[in-house]
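Chain IDs A, B and C follow the sequence of writing; residue 1 opens each chain.
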C-alpha cells in the first residue's frame, strides 16, 4: 500500500522532486505573505478596542498556528522514517526543526510585544504562552540532540524518536498547562474576548496563515536539499552536480 | 543444553543483577538522595524562614527537587552497560528488549525513587508542609517518580552514546516532566485545603500506565540508535 | 545478487554499504557464509572490520543493503536470529562489580539457558579457583576468558567474534581454535576478526574476506 513512497526515498529523486517543488512554494509564499501583510497592516480597519496595536496578530497568529503544525509535520516525517526506515524522511524531520523553533520564537516575541500594550506586562503565565514556551523547549531539545551526534545519519534517527515522544506528550502538556492556568489565573489579567472577527480582518489573517505555511514549506525544501547533499557528498551524482556547478 | 528461561525469569535475573551491582557501589544510591536533601535545604535559605511562606511553596520545592534528583541519578542508568558492552549483549539477547529495559528502569527506581519517597516526609517537616498534605505528598511521589524514571530513561537512552550528555539530557526530559509536576503539586495543595485529590492521583496513575506501556518501546528504539 | 544456496547458507550479506563520518568503509559488499565455515575478516585498522561484524550482528544498520539469516532479512526475523547468534565484541559485557561466576551465570541466563554448572564451564577456560574473584580484580586475559566462557555452553550456530584472541595466551588460543573447529563440524559457522596467526586452523580451512582501507 505504501510502496509508492519508497521510490521517493532514493535521495537523488527526493532531491530532484524538492527542487521542482521549491519555486512553486517560494513564489506562492511571497505572494500570499505580501498580499496578507499589506492588506492587514495598511488597509484592514482599526480595532475599536485595541487601536492599531492589534495589527501584530497578522504576524503573531500565523506564527503561533504554524509553530504547532510544523511540529506535527516534523513528527510525522520522523515517524515515516522510523517505521519504513527511510533516511530521507529522517532528514526532512531534521530540516524542519530549526524552522519550527524560529517560528515558535517569533510567536513568543510578538505575543510579548502584543501583551505589553494589552496587559501592561511583557509576560504573563497565560496557558497559551506557557504551552508555546514549552513547545520551544521541545524544539530546542530536538535541535541540540541532532547537533550532538557526530554521525548525522544517527543524529536524524535519534532526533526523530525524540520528536515522536514529544508529539505524544504535547496534548498532555497542553491540557495540563491549561488546567494549571485555570487554577492559578490571576484576577488582574483579562484576555480580550475576541468576538467574531470582521471579514476585512479575517481574510488577510487567513491569507497570512497560508503564506506562513508555504514559507515554512519553502525553507524546509531548501534545508532538505542541503541536508541530502551533505549526507551524500561522496555519491557520484552529487559529485557530478558539484562539477556542473563549477565547484573545484 | 536447553533454553528454558521464561520472560519472568529473565526479568528477575536482570533486576537482581542491577540491584546487586548497586549494592556493591553504594554511592549511586546515596548521592542523588543527598542532592535531593541539599536542594530542599537551600530554599529556606534563599526565600526566608517564615513558616507561612515555606508551607505555601513546600509542594513545589519538594517536587522540583525530586525532578532534578531523578534526572541526575538517571544519567547513569545505561552508562556503565554501554561502556562495558553489556548493553550490546542485552540488545542481542533473545529476550524481548522492552521487558529488559523495564527491569532496568524498575531496578533504578527501587534504588533511587524509593529512598526519595521515604525521606520526603522528613523534608516536608523542615518546610512546614500542611499537616493534611502528607498523605498526598507520599501518594503523588509513589505514583509520580516511576513516571519520571520511565520518561527520563528515554532521554538517557538517546544520549548514552554521547560524550557530554548531561546538560542535553535536562533539555530533553524536563519539558516532558511538566504534567507530572503540575498534577502532583496541585494534588498536595488540594489536600492542604482539605479538598479531594483523588482525581489528580487518577491522572498521575493514568500517566504511569501510559508510560509503562509506551516508554519501553521508545527506550528500546533509542538504545538501538545509541549503540549503532 | 548471487543465487541463494539456502540449504546450508546461514548468514549472507547483500550489497552492504557502510559509511562512517562521511567516509565509505565498504560499498556493495556481498557474500554468503555456509554452515561449517570459519571466516576471518581481515584488513588494516580502520578498514571497517568491526563495523562489518556489528552490521552482521544487527547492532548497526548499514547505509544500504541488508544482512540475511537463512535467506531472510534480519530486521524481519530478529528474534530467531538473536536466538541463534552469539556475538562477542571488543568488550563483551563483563561487569567488574560481579564475580566471574556471577558474570557467567548472568550472561548464560539472559541468553536463555538454565541448565549449566558455572564451575565446570569456568574450569574449561582455566578459571578454576577464580570463581569468587571480582571480574575487576582479574587480569586482562582472565577478564577476556570470563567473556569467552559462554562459547563453551551454547547451541547458537552463528558466532561473530571481534578479536577473540586478544590477551589470550598461546595455549588458550589453541583451545579456542579446537573449539571453533568442533563448532564448524557440528554445522555452525564462525566469523571473526583477528590480527593473530592461527596455528591449528590452517589456510585450507580458513576463508578470508578482505576489506581494504579506502581513501575517499
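Just so it is clear, contacts are C-beta pairs under 8 Å (C-beta built on N, C-alpha and C of every residue); 3 or more make two chains touch, one makes a residue touch a chain.
Note that this is a predicted model, so its numbers are computed, not measured.
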{"item": "Middle chain, criterion being Cα centroid separation", "value": "B"}
{"item": "Top chain pair, ranked by how many C-beta pairs fall in contact", "value": "B-C"}
{"item": "Maximum centroid distance from chain A, chain identifier (CA atoms)", "value": "C"}
{"item": "Whole-Å separation of chain centres (CA-atom averages), chain B against chain C", "value": "36"}
{"item": "Inter-chain centre distance, chain A versus chain C - centres from mean C-alpha coordinates, in Å", "value": "47"}
{"item": "Chain centre separation in whole Å, for chain B relative to chain A (CA means)", "value": "32"}
{"item": "Interface hub residues of chain C, defined as touching at least two other chains", "value": "61"}
{"item": "Residue list for chain A, restricted to those that touch at least two other chains", "value": "151"}
{"item": "Multi-chain contact sites of chain B, meaning residues that touch two or more partners", "value": "228"}
{"item": "Chain B to chain C touching residues, read off their complex", "value": "1-5, 9-10, 13-14, 17, 20-21, 24-25, 80-81, 83-95, 100, 227-228"}
{"item": "Partner chain A, residues of chain B touching it in the complex", "value": "154-155, 158-159, 161-162, 164-165, 168, 171-172, 174-176, 178-179, 182-183, 186, 207, 214, 218, 221-222, 225-226, 228"}
{"item": "For the chain A and chain B complex, residues of the former touching the latter", "value": "82, 134, 137-138, 140-141, 144-145, 148-149, 151, 154, 157-158, 161-162, 164-166, 168-169, 172-173, 175-177, 179-180, 183"}
{"item": "Contacting residues of chain A [partner chain C, same complex]", "value": "85, 150-151, 153, 233-234"}
{"item": "Residues on chain C engaged by chain A in the complex (per definition of touch)", "value": "19-24, 61, 63, 75, 216"}
